[in-house]
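As structure tokens, here come the structures.
Each of the next two complexes has subunit A plus one other chain: subunit B in the first, subunit C in the second.
What follows is the complex of A and B.
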């Protein structure tokens, strides 16, 4: 039983990342009808916003510390972050420690701006082109973004720690009445899960309960009629693209402490996210979220040693296998709408 | 000639000429000169040109004609490589059975995957092929280690139970792949003044296969079968209303292109008898997509050009480093030199992928017909008058 709960928990954090990326992909697809292969790159950019913020916060200048000496006997030069000068040492340390949560605030405007730029500068010209062209041009864009990041940050993963308060693990077993140490779960992954639930909830609430969201939903259902009613739907869809980019970026920011960001992390996630979107059903937001969590949990169940002994290698292929089975038995995915992508 | 129209036959002759004289054409700069680093006429790279050319020609039969975008073609290339290496291990070091088995294995493998994937079209087809290729990659990397060698890849060993031919040479080495005694790695070097030309056995074998592959692809493009495939691309619904079932045609195209990929994989293993799982990864599938689009999907010669261009960039441009750049721009005043070098440097050397990505995007945005279309546009610019005289031909799709 404890194993069972542990695997569900393990699946949740990966599932959250899949769900967030798939949600953004589906938003873009559902509103603009564009298959965005550069979405993984947006996720990666988010993670690198976290890296950049923590680099900026630790910008420092050299100060000669008279009380200490280096091994040659000269006065030691110490790197002092500018933040110490502004806020004093204790507050400065706290700010540096909380670099990743702070990056969330920075990431939202940056990612929205990048999303706008992408949509207005490139994607706009591809609405009328075939889906294959959209895939290809965004695939090219993903390569370009990836290489630019590689040029500035190098090819190695950059460790970006979570705040000290969230380092360590939470002993779930005790809460649920199992033996201590039976179910150990890192705090940050718990944070990641709750964060993603909040973000997903916010996106759904935004679409469901605001006038803007209502117009967007109407546009998704019947773009032409909404246009005839005198609403500039293109502008709203551009904003939705920005929001989708921000969702991917936030997923990346928060993922940075779990997996040190490197320039190809986006591509690694992209392939799986596309599978998630297709399993959930092209154009269905609840489908994307449900499929994200489902596949994340399935993946973690498949990596249990008991399962691997039974079916060797199943952990590597489970997601693809499920995708193939679902696509062949339910052609529209789990919750796909009729008439979407059925040329 | 050979069942080809005059125009196609001329194209075939040009390709034969170019591949036959490639050791000369790709080595235009004398040894030891500053520009010698741009020479591409060494065996390893020339082999890659033609092998990836075969791969791209095959991919083009599927994507260029039917419009089905497969993101998993590298799986067939990988399967072909494994098959070929196993033939070397078990049967003989002759390359012909190895290449034959790699084509057969890739054909069967693509029949299986194609049969399932082709039940869907559009993005679903792309995702299905991607999923199958990633599955093959993951399995080859982990569980199938006894067959595929896992992380280290499949290699020849001194203890291979070879039926024909010895397990090791007289000197105790592993024998090398050969065509009836002609070793694939053997080369004839010819010094002409300052120039050094290398004629490699493996390259010429691969080139012969590429010319055959190219010939078959022309025949397919011009055949009623090719016409059916184009019909699928332009309007599948209309095709089914005329009473034709598209599935057998797409499946045939898929299997043919899979066999081309297998042939490329077999040749790759013949040049260098090892096979690794990374050949099946989806980035490898993405590469052949890049090649085909860059050169011009749906055109005959485009994929070969694209393959050559990408491989040339990968091997030649990536070698240029900052020192060489400074050498080139040394004639500029110091400050300006640094600025120019700093501006160019991100795009070459290790950053050549950036150039590739930008070039690819530009081609997709402005030249959906690839470099071939670009060439035609430029040609039309210079001979506008002539083009107007032959207008009925000029409006034909690029081929």
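What follows is the complex of A and C.
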């Protein structure tokens, strides 16, 4: 039972990342009709916003420490962050420690701006082109973004820790009446799950309860009629692209302490997220979220050694296997609507 | 209507004649010398095949820095580095056999097919006489086989799988780097001393060749000293989040987690294991422990503070105090501003060893080089007295057992040497079961 609960927790955590990325993908597809293969790169850029903020907060000047030597035997040059000079060491350390949460505030405008630039600068020219062209150009864009990030940050992962307050794990076992250590789960992963629930809730609330959201939903349902009513739906869809970029970016920022960011991390999530979108149903926001969590949980269970012993290799194919079964039984995905991507 | 004078047949004819013309001098030289890519009188070209793109690009960049430094030293530039400490004093900083050393580079991308293509290009188009480099066993095995077919010497870079000098060994291939067996043999006694003989280990193993040989080596060595292996789980090479593999470990009855992972896999699995509180946990009435059989400083940097207190093994470390290591660190550090990695060290040493073998043999012929390297004993290159064993072309030398530092002073000061395991403890017979299969064969001079 404890293992069951543990894998459910794991699945919800994995599913959080899938759901957030798939939500953004679906928003873009549902509004602009664009299959955006650069969406994983936006997730990666979000993580690198956290890296950059962390680097900026630790910007330092050198102070020579005559009592120590470096690896060449020269007097050691110690890095002293400017924050120490401005706020003192204790306050400086606290600010540096909270680099990732601070990055959330920085990431929102940056990612919205990147989304705007991407949509206005490149993707809008491909609206009327076949999906294959859109896939090629966005995939190419993703590779370019990757290589730019690698040029500036290198190929190795860069550790970006969570604040000390969230280091360690919570012992659910004790709370639920199991033995100590039976169900322990890292604090930051719990934070990630709740954060994703809040972001997903905020996106749905924005679309459901605001006039802007109502117009966007109307545009998603019938773009032409909304246009005839004199509403500039393209402008709103561009804003939605920015919001989708921000959602992916926030997912990336918060993911940075879970796995050290590297330039390739977007690609690692991209294919899975597309499977999530297809399984959930093209253009269906609730479908993307539901499929994200469902596939995350299934992937976690498939990684259990008892399951692998029974079905060797199942951990590597489970998501694709489930996708095949669902598409065979429900060709439009779990919550897909008739007419979407079927012309 | 087109008015150009080209015809398909004309272009083909011209292309064939031009190709034949370009290839002729090389062919004639090969026929004359009896081996592939015999160098001219003034210059010899070495081929450095390293990952310049892909996940190991930083390791590849460090390898390339080391190669450039080796070329400088061979040509008599810079401070000479290890030329002054190398026990064989055949190299004088005047190139190799009087020829100035030049080099070409290829990008392995850490993909076997790409690595073979770049090595082939350097051999066929650039005339490289020797290929060296790489950061993966899959690449090493693939390029080694290519070099055997082409009649070129391959001096492997970072490759740790037993198979490189085991079932996939080749007469034209040589490995200075240590291997999985040596990691297991060096680590086991240190682990026994630190954690006792009554331990239960859980292995997470990357699902590819290197993972299998490392798991087998560590499992065999630790079981021999009394540890029990409670479970071994293969993890996909593409896995990024290991939480679902790590979460069940604490309740498996194990009290040690062995992460047979390298590169990004190691960074992520170790980070995840620490996040799940395994370092603070208790199991079977003991502190739970984590072991990383193969450490790399570049990778350890990616894992950050997660490496603190965790044992592993490494081929070389910049903090070694012997004269050779100090000379190399001084040269590298002065030129680039930071200490070299173990990948840089093995690549630098391999280049010097090749140049020295050519010089002692008095010929670039791969078979002469082969003979000069086989059973060659040397010292002064950073690992103590070393033997290049003739039976399998594996170097035998001391192995370092290291531990992640609790309070590193900077981004390079991540590992501390716990023990220098003497070579006798990591030496094995050439027909050891972990290296079974395959045959060295005979050297191929090509041409």
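Annotations for the structure displayed:
Note that in this section the second predicted complex is superposed on the first by the 328 of 343 C-alpha atoms of A that agree within 3 Å, B and C clash if a C-alpha of one lies under 4 Å from a C-alpha of the other, contacts with A are read in each partner's own complex, and residues count from 1 in each chain.
One rule holds in what follows: a residue touches a chain if its C-beta (ideal position, glycine included) is under 8 Å from a C-beta of that chain, and two chains touch if they have at least 3 such contacts.
Values in this document were obtained by computation on a predicted structure and should not be read as measured data.
By the touch criterion defined above, A:133 reaches subunit B but does not reach subunit C.
Contact with subunit B, but none with subunit C, is seen for A:278 once the two complexes are overlaid on the shared chain.
Applying the stated contact rule after C-alpha superposition, one finds that A:13 touches subunit C and leaves subunit B untouched.
Within the superposed three-chain model, A:316 lies in touch with subunit B and with subunit C [touch as defined at top]. Contacts of A:151 after superposition: subunit B is touched, whereas subunit C is not reached. Counting contacts by the rule stated earlier, residues 316 of subunit A appear in both its interface with subunit B and its interface with subunit C. Contacts from subunit A toward subunit B in the complex involve residues 35, 122, 125, 130-133, 135-137, 139-144, 146-148, 151, 267, 271, 274-275, 278, 282, 312-313, 316-317, 320-321, 323-324, 327-328, 331, 341-343. Subunit B meets subunit A in the complex at residues 67, 69, 116, 119-124, 126-128, 130-132, 134-135, 138-139, 141-144, 282-283, 286, 289, 293, 346, 351, 353-354, 356-358, 360-361, 364-365, 368. Residues of subunit A that touch subunit C in their complex: 2-3, 6-7, 9-11, 13-14, 68, 71-72, 76, 150, 154-159, 161, 168-169, 181-182, 184-186, 188-189, 258-260, 262, 264-265, 268, 299-300, 303-305, 308, 315-316.
The residues of subunit C lying in touch with subunit A in their complex are 53-58, 231, 233-236, 238, 240-241, 243-245, 247-248, 250-252, 264, 267-268, 271-272, 275-277, 280-283, 298-299, 301-306, 318-319, 329-330, 333-334, 338-339, 409, 412.
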